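Multiple structures are listed underneath, in structure tokens.
What follows is chain A paired twice: with chain B in the first complex and chain C in the second.
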Partner chain A sequence: MYEILKDDFFLWLKGQLGQKEILAPRLKEEGYLFLPWDGEELELTGYTNTLKPVKDAFFPQWEALIRYRMDKGKPVQVMGENPATKPLILFGVRPCDARSILLLDRVFNGPKYKDQHYRERRENTFVISLACSEPASTCFCQDLGISPLAKEGSDILLVDLGDKFLALADTLKGEEILQERPFSPATPGSMDKFQALQGVSRQAAAASLVPEILSGELSQVFVLPLWDEIYRKCLNCGVCTYLCPTCHCFDISDETTDTEGRRVRSWDSCMFGNFTQHGSGHNPRPTGKERIRQRVLHKFKYFPENYLAVACVGCGRCVAKCPVNFDIREVLKRLGGCQDDMSM
Partner chain B sequence: MTCQCEIKNPYLPYQMEILEVVEENPEKDLKTFTLGFLNEADHGTFLYTPGQFAEISVFGTGEAPFGIASSPTEKGIVRFSVKKVGRVTTALHILEKGDLVGLRGPLGNSWPLEKFAGKNLVLVGGGFAFTTLRSLVCYILDEENRKNYGNLTVVYGARNPGQLLYKEELQDWSARPDIDIHLTIDRPVEGWWGKVGFVPAVTEQVVTSSENAVAVVCGPPVMIKFTLPVLKKIGFTSENIFTSLEMKMKCGIGMCGRCNIGNKFVCKDGPVFSMAELEKLPAEY
Partner chain C sequence: MDKCIREIRDKAQELLETGQVEVVIGFTAGTLPGKSTPCFITRGEDCKLLVWDEGCKNNLANYLLKEKRKAAIIIKGCDSRSLVNLLTENQLSRDRVVILGAPCPLTEGCEGCQIKSPVIYDYLVSGKAGKTGEDDFHDVKTFARLSPQERKEYFYKEVSKCIRCYACRNACPACYCRECFVENNLPQWVGKSTQLADNLIFHLTRALHVAGRCVDCGACQRACPMGVDLRILNRKMLLEVKELYQFEAGLKEEQELPLNTYDPGDPEPFLAGGGEA
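Take a look at the complex of A and B:
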């Protein structure tokens, strides 16, 4: 465990600007967004989390995967698109979002298939997270067993201790940075403060919102009467999936002129009807009922079965931004999950 | 993490030349494309097993997945039979011999040849879903492989003779002693020398035993629906009946999120499943 005076930290961060691009939470009209930071003072009072998650630092909303030239009378030339990544520091990531990066790693950096573009961006990015002291009303990380002080997924986690930050590393890269000045080993006083904070968060995280029933047989879960009901108010707008830090569904399409083409990947959503529609017109998930069931079960049943972790980090963006107040916490409670109302 | 230099772009296709286009039906909306590798060296890296699929790129239009209809024993080429249905298949149907396409794969699992070894095989196919069954038949009939399998019985049906894929080859197979093939059409047609009747009924007639046997079923959903009870009646268990599923796919490598049934991705965990596996999944396909 290490610590650093806040002033010293921001001076150090500024010093990184020469070699790296830095994205930090910046207040725009509607809220905070990860935007380029060039060293001026960061206004973080009132910062709970960014409007959009961090996934597009690794998995951008739109990117070319390959490109090709189709010149008349010549064979088609096909080239891989270079992701052209620059070394990046992501500063101010919340622990829920940091955890989401580890979940995306399981998808894009699997044992058999690896996504080159994702991997290169991931390896080029250094994540400095900020532990949460005051969760928003829509936050529910603790109901999923995630601590607002968790360092998982961060290279460095900073915990606000007044005039200084306590600093913890979760990677070798992070540990190497912390071992050098201006970081210094944490004083016993700082460690005590951190332990006190941890005790409070542990108390709050008594309940689990992940329903027991979802670890049972799919044949039973699939036909619960709840699915016939909860989809009715959903507009299938997909905003929950676009704002979700762990949603990673994408489309691949070709953008072409007469002589050139790019095969691009863009975010897609399981809430859209044509997402699963075959060329023949047949659709395995024809209505909102199947689609919302897919979204809930993918996060809380299929992903845990395939990747050993729930694909929800409790950031609450989907709850905050749903135009019809669809609340995933309510669905989980109706399925039997428990929420500690103290933490809301 | 391993060295990043090992990571290749999984979306970069092989460059392929169309060597031959065969119109398979009178409507001309079903064609078989034989592709050759433009770069000789690529041939050695595209190693597949019957039952796998690949994504064909039509440059300027896009990519779509197709079951591989050729067998790995047919060296130097990869073959696909494609029905003209949507955007990519329509664009592909315009292409001719000498045109270039992209090929990404091989993808997915395959017919479980290790489970088929030493067994009698019953293959039941319908319509243009016969593609990866052709791959399997050609593989088994290969001189090197034939001795590893028992009797090979094939039931293949289509609405009318014109809709049967690989007509010349079917004739050749009919003349061979090492394959027992039964072709059938829905209604009688003048000059037709095969059987008349639906696939499930013909299967019931010609397949008499499930002893030491496995069955493979590929065809339209309605055919599969009525063939399964027939196979069960003959004595095949769900563990010994295999099929291949089709889904809308994009990435083909288990990332893009659209082809799952429960926790299984058809692109990565399939397309081949035993009926026992499918019975555990919801019928969301």
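Take a look at the complex of A and C:
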């Protein structure tokens, strides 16, 4: 465990600007967003989390995969697109989002598939997280067993201790940085403070929101009457999935003119009607019912079965931004047998 | 509002228990402060869960498009205009819907709102709706005085926030195309990137497509997670349609829709009459 005076930390961070691009939470009209930081003072009072999740840095909303040219009488020329290679520091990531990076790694950089674009960006990025001291009312990481002080997924986690940060590493890269100045080993006083904070969060994380039933047979979960009820108010827009740090479905489309074009990968959403629309016109998920069921079960059943972890980190963006107040926490409670007013 | 919600609950319960409807579409308490959430009630005893308060902001008319059951719907002024619009566009059959009109529960009404009480209903819940003023479109007129450059900058700034989640479109009761042009892929009319050009095409096309049909309910803006504010664009179209055709959407069931009519004698040269009539 290490520590650093806040002023020293920001000086150090500024010093990284020469070789690296830094993205930090910046307050815009619409809310906090990860945007390039050029060294001026960061306004972080009132920062709970960014509006858009951190996945954008590795798995951007859209990117060109290749470009091509087709001239008459000549073979088609294909040009690969190289993702930006300038090393990146992501500063101010929250522990929930840091964990989401580990989950995305399992999909895009796992033993089975390696996505070149994702991988290059990921390997080029150094993640410095900020532990949470004041979760928002929509935050529920602790209900999923994730601590607001967790360092998993961060190269370095900073914990606010007033005029200084306590610093913990979760990677070798992070540890190497912390061993050098201006970071210094944590004083016993700082460690005590951290332990006190940890005690509070551990107490809160007693219960898990993920119900037992989801570990059972799919054939039973799939036909629960609940699916017939909860979907009706959903507008089938993409807010929840696009703002979700772990949702990772994408679409690939070609944009062409007569002679040239590009192949674009863009986020897609299981909430959209045409997400599963077949060429024949048949749609295996014809209504909102099948789509909501897919979203819930992908996060809490299929992903755990495939990757041994729940694909929800409790950041609460989907809860906070849903236009009709569809609250995934209520769905989990109902799945767990807790009846409440959402029974319509 | 106490009396108002009591009347709503009683009427809704009666409609369900006498079998006049199979479902009541209204609002119930949400999980976040200041947010009530749309609900679909099928049992009379559940009507006590209905609420009618500041948090009832969604435009519920949207839900009738998908509802196959005989339904009662609790609506405020702007929802009722959307409903009129859907009826005049033959998207709903009037005899499948029981309309429970209620005065708009938002004390801080929306700027420019003229219709706080429903224009169409089967039952009208008593209660006073807030005052409305004449809409003089001063916002549109002020905006028009900006230089073309400044106006362009404003629209560019707003659409560049867009993440193409289509919450605006899906929340809009006037946006009900079975297949939206943005989803069409043979041909693909618009790119799936969030580059300015793609975002602009989406928003401008949508604004034009709802011109003469948009009732300025604000559902699109409220639904947007990124704070994209293009209301001025919709209001500009409102004003254009009002001045060109003396028409305001969703006010009367029997009015003809200016952009949905066909007349062989139309003076426009591209129509059958060729402008020679």
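Heads up, the rule we're going with is that the second predicted complex is superposed on the first by the 336 of 344 C-alpha atoms of A that agree within 3 Å, B and C clash if a C-alpha of one lies under 4 Å from a C-alpha of the other, contacts with A are read in each partner's own complex, and residues count from 1 in each chain.
Everything below uses one rule, namely that a residue touches a chain if its C-beta (ideal position, glycine included) is under 8 Å from a C-beta of that chain, and two chains touch if they have at least 3 such contacts.
Nothing here was measured: the structure is a model prediction, and the numbers come from that model.
Aligning the two structures on chain A places chain B and chain C next to each other without any clash.
In the superposed pair of complexes, A:Pro323 makes contact with chain C only, with no contact to chain B. In the superposition on chain A, contact of A:Asp251 is made with both chain B and chain C. With both structures placed on the common chain, the touch criterion links A:Lys114 to chain B but leaves chain C unconnected. Closest contact between chain B and chain C, by C-alpha atoms in the overlaid model: 5 Å. Residue overlap on chain A between its contacts with chain B in one complex and with chain C in the other: 251, 253-254.
Contact residues on chain C toward chain A in their complex (touch as defined above): 28-33, 35-42, 46, 49, 58, 62-63, 66, 161, 163-167, 169-171, 179, 183, 185, 188, 191-195, 222-223, 225-227. Touching chain B in their complex are the following residues of chain A: 65-66, 68, 70, 75-76, 78, 80-81, 107-110, 112-117, 119-120, 123, 218-219, 222, 248-254, 256, 261, 263, 268, 270, 275-280, 284-285, 290, 294, 297-298, 301-302, 305-306.
Within the complex, the chain B residues that touch chain A are 1, 4, 7-13, 15, 38, 57, 59-64, 85-89, 100, 102, 246-248, 250-251, 253-263, 268, 280-282, 284-285.
Those residues of chain A whose C-beta lies close enough to touch chain C in the complex are 29-31, 51-52, 61-62, 137-138, 229, 232-233, 235-239, 241-243, 251, 253-255, 264, 266, 269, 272-274, 288, 319-321, 323-327, 329-330, 341-344.
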